[in-house]
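In the two complexes that follow, chain A is the common piece, with chain B as its partner first and chain C second.
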Partner chain A sequence: MVDESGQLYTIEGFAAAMIMLFTTYLVLSATSVYTPGDTHISDMQLEQIGTDALKMMNTPVSSNVKSPLQSIIETSNATTAAAAFNTTFLNYVNSRAGSNPDNLHYSAAVTYRNITAGDTTNNYPLASNGLLTGGEHPVRVTEWVIANIKLPGRNTVEPRAVLVEVLLWRD
Partner chain B sequence: MAGLNEEAQWIVLMGFVVSFSFFFLAMILNQSTVVGQTTAESVLEFPKNDIRDVRSVIIESVRLGEPGEVHNDIRVLSLSRKGAVVSYSHPTGLDAYTHIIIHYNNGVTEYNENWTSS
Partner chain C sequence: MQPKSDEAGNLSLDFLAGFTIFMVAFIYVATLIPGLFLGLESKSIDYDAVAYRTGVILAEDPGMPYNDPSYGGWENIPDANKGDVLRFGLALSTSTPNILSAKKIDRFFNNTSFVYPDDYRSRAVFGDYPYQFNISIKIEGENSTRSIGDPLPEDYGYSRRLVKIKEDSSASIDLTKIKGCYWSNQTNDGETDDGKWNNTINSAPGPTTHPFSIYLNYTYLTTKGPYYNNPAYQIDPISPMEDGITVNVSDLDKTTRYGYWTATGDASAAGGALNNINLSRIYVTQSSMTPYKPPYYIRSPFSNVWDTNTLPVPGKLYIDDGSTPITSLSSPVKVNKSVSLVIPAGSFGLSSLGGNDPSTYLNITMVFTLDPNHGDWFLNSTQCQPYGAFVYDYDPARVNQPYLKNGTLEVAVW
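Our next item is the complex of A and B:
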């Protein structure tokens, strides 16, 4: 007759092994660090600085003058407008405390409603200091502006709400 | 069980207790990462700047006397470029103040405001 107590030891061994394996699996799967939010933090910072820069540009210094951004959009000469936008915008987004300035790139456009084409939207380029080649990872920031302009397809200068859209990226 | 050393049963029982405590600790750790994820996602999804911006342009347009095409500009551009339904009106004749009723909905976040000039 074989000593049957060995079976009990075997069952205990199995139970203990299962518990340990199961616990190890749970602990390992729980402690894997998984923070998808981290990857977006730099995007959020870029978005915030771009939004703030546009907001500052769209704030008049007093109640009876136009904001710098409105003046830029109302400038009919595209080269002058681009130069003015470029100087002010880069001054705002690139300034850093202390050390050297930052090196951000942007591409700005103005989007408007095309009344004659059945309420479609069109845009025209405003300014840029870099070409998007496709490898960049830009964020989009926007700012509403009410400006007195003569948009394509219209006969007169009139107050219109346009959306300034800026793609902003860091090389 | 006769003839076996029964001390071993205590060892197995303690093993169970330790295993379960590990189990619950693992559960708590598991949940904590999910909490961080959902918080980060909801922060990212909330269109704070969009709402502030569209709100300020609406107030400015009413202050300018709602010139001709501006109302439709805001509505159409919001829908096509910002993915948000924006609707606003400003009832007049109620009292001496300016009132604007603003509605904003981008499918995830809804924002309504009854703005009154002071």
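Our next item is the complex of A and C:
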């Protein structure tokens, strides 16, 4: 008698082939395959623009003037500072070589170390031109700025390093 | 007993058919698997990455060669030897990303010297695949966008960089600065500067030949720049930076007796019409030793590097805000108000005048002559401290420092 254990028969071969083909069909016919790289690249472009914009704002245009960003941080009137930051920052991030400017949204805050209040880190909002509602997908860009500023808890104007933090997103 | 037929080791036909069907299907499925990962190497991601790379090379790299002993930067390499340009890069130096050099931009976007696409592809875009691309820059204050490449298609990889472009410094020497030279170092004797000026200008007619000197100390300029000698704010006459300068001398008419009396409403008191101010010569002299005071033109230890009737090609001289440069001083040129001398950036400018030697003291002297009957006092720089010349340096009170203009650089690849 023929020992039949371990043998594969035609009908099983057909069944295995059908299962494999059906699985492949299901996978391939899914509408599209998203890879993480797709979104990552446009994030990177946004990050690049934001970083460049902050860096250029923190570059004095001439050796005998302060950088625009330093002047904004040193402005004690919050409304004036917000308006100046809004104009300058949007000018940078929306500027394109072609004719149509870009349309980006941002929210900026300044973080500093509060030396007297138990050495904590505090922050205050600087400016924004849009509300983050949760559906957006912002990137975060930062720039350290050294400014002559009187921070809460201190009595004198002194050079301090503060971190300007911007969340940047596209509609 | 009948011997048992030994079938061990035989393949049944049934098994063979089933296994073949299984293998055919398996191989078919296996060949489909790489297609599942197509998304990972999608074209648009690849193009974005190439555009990003090109953007970084252009905005953050000074190019190659950057500081060649014979050429300096790649932007100085003549068209005939353009094969020596290995990589484009528009940054001033490796330490100043996003701060671009105006001469590099001019050369890069000059498509008569470099041909799209081959010259650009092998020096800025790179890669084995023959990408098409468009590189453009919009500079603050310029009406049109400069660009290289094909018109943009529907879909392309993209990178945008925000940059600054360094503008050369300039000195505007007007009546206030000329007066400043005369009185700044004198002790306070109770008389106002204007009072001294008025007394002197009305004293007997002075000399009729007036040297007006600009003095550049290359050692100081190359080592004592603002922000720890940051190239973005330096006035660097030496290769590979080779910055240019502009000297505007204005109010020349007001420095004369005629100008003084016209300003006070009594032109006739000047003793005649406006003095004829003539620019008769420009000397450029160089020394590698500390100059004596005052370093009048052609005075030891200075020696001539430029004393001809024709101006060297890159130097441009404009009289009375004219738009056409003067090319010859073979006969003196009449000046009513102002003289503007532009020594542009590049290897034929300050660097060649100083022999590309960082220990140079360079003295540029414009010699004004008046007609013999109308001598005057203040049309010169001889009282300026400490060398009898206007010092061109990092003091913003004297020199309008280098200025950074905004620009937007875009790279599209497809």
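The definition used in the following text is that the second predicted complex is superposed on the first by the 135 of 171 C-alpha atoms of A that agree within 3 Å, B and C clash if a C-alpha of one lies under 4 Å from a C-alpha of the other, contacts with A are read in each partner's own complex, and residues count from 1 in each chain.
What we mean here is this: a residue touches a chain if its C-beta (ideal position, glycine included) is under 8 Å from a C-beta of that chain, and two chains touch if they have at least 3 such contacts.
Everything quoted here is computed from the prediction, not taken from an experiment.
Of the two partner chains, neither chain B nor chain C is touched by A:129. Using the contact criterion defined above for the overlaid structures, shared-chain residue A:20 touches chain B and also reaches chain C.
Applying the stated contact rule after C-alpha superposition, one finds that A:96 touches chain C and leaves chain B untouched. Residue contacts after overlaying the shared chain place A:71 against neither chain B nor chain C. When both complexes are overlaid on chain A, the residue A:88 reaches neither chain B nor chain C. Of the two partner chains placed by superposition, only chain B is touched by A:161; chain C is not. Of the two partner chains, chain B is the only one touched by A:121; chain C is not.
Put simply, chain A uses residues 8, 12, 16, 20, 23, 27, 33-35, 37, 44, 48, 55 to touch chain B in one complex and chain C in the other.
Residues of chain C touching chain A in their complex: 7-8, 12, 14-15, 17-22, 24-26, 28-29, 32, 35-36, 38-40, 42, 44-45, 48-49, 52, 55, 98-99, 136-138, 145, 147, 158-164, 225-227, 232-233, 394, 396, 401-406, 408-410.
On chain A, the positions that touch chain C within their shared complex are 2-3, 7-14, 16-18, 20-21, 23-24, 27-28, 32-35, 37-38, 41, 44-45, 48-49, 52-53, 55-56, 59-64, 92-93, 95-98. Put simply, chain A touches chain B in their complex at residues 5, 8, 12, 15-16, 19-20, 22-23, 26-27, 29-31, 33-37, 40, 44, 47-48, 51, 55, 111-113, 115, 119-121, 141-146, 158-163, 165.
Of all residues in chain B, those touching chain A in their complex are 1, 3-4, 8, 12, 15-16, 19, 22-23, 25-27, 29-30, 33, 36-37, 39-41, 43-44, 49-50, 53-54, 56-57, 60-61, 64, 67-70, 72-74, 76-77, 80-82.
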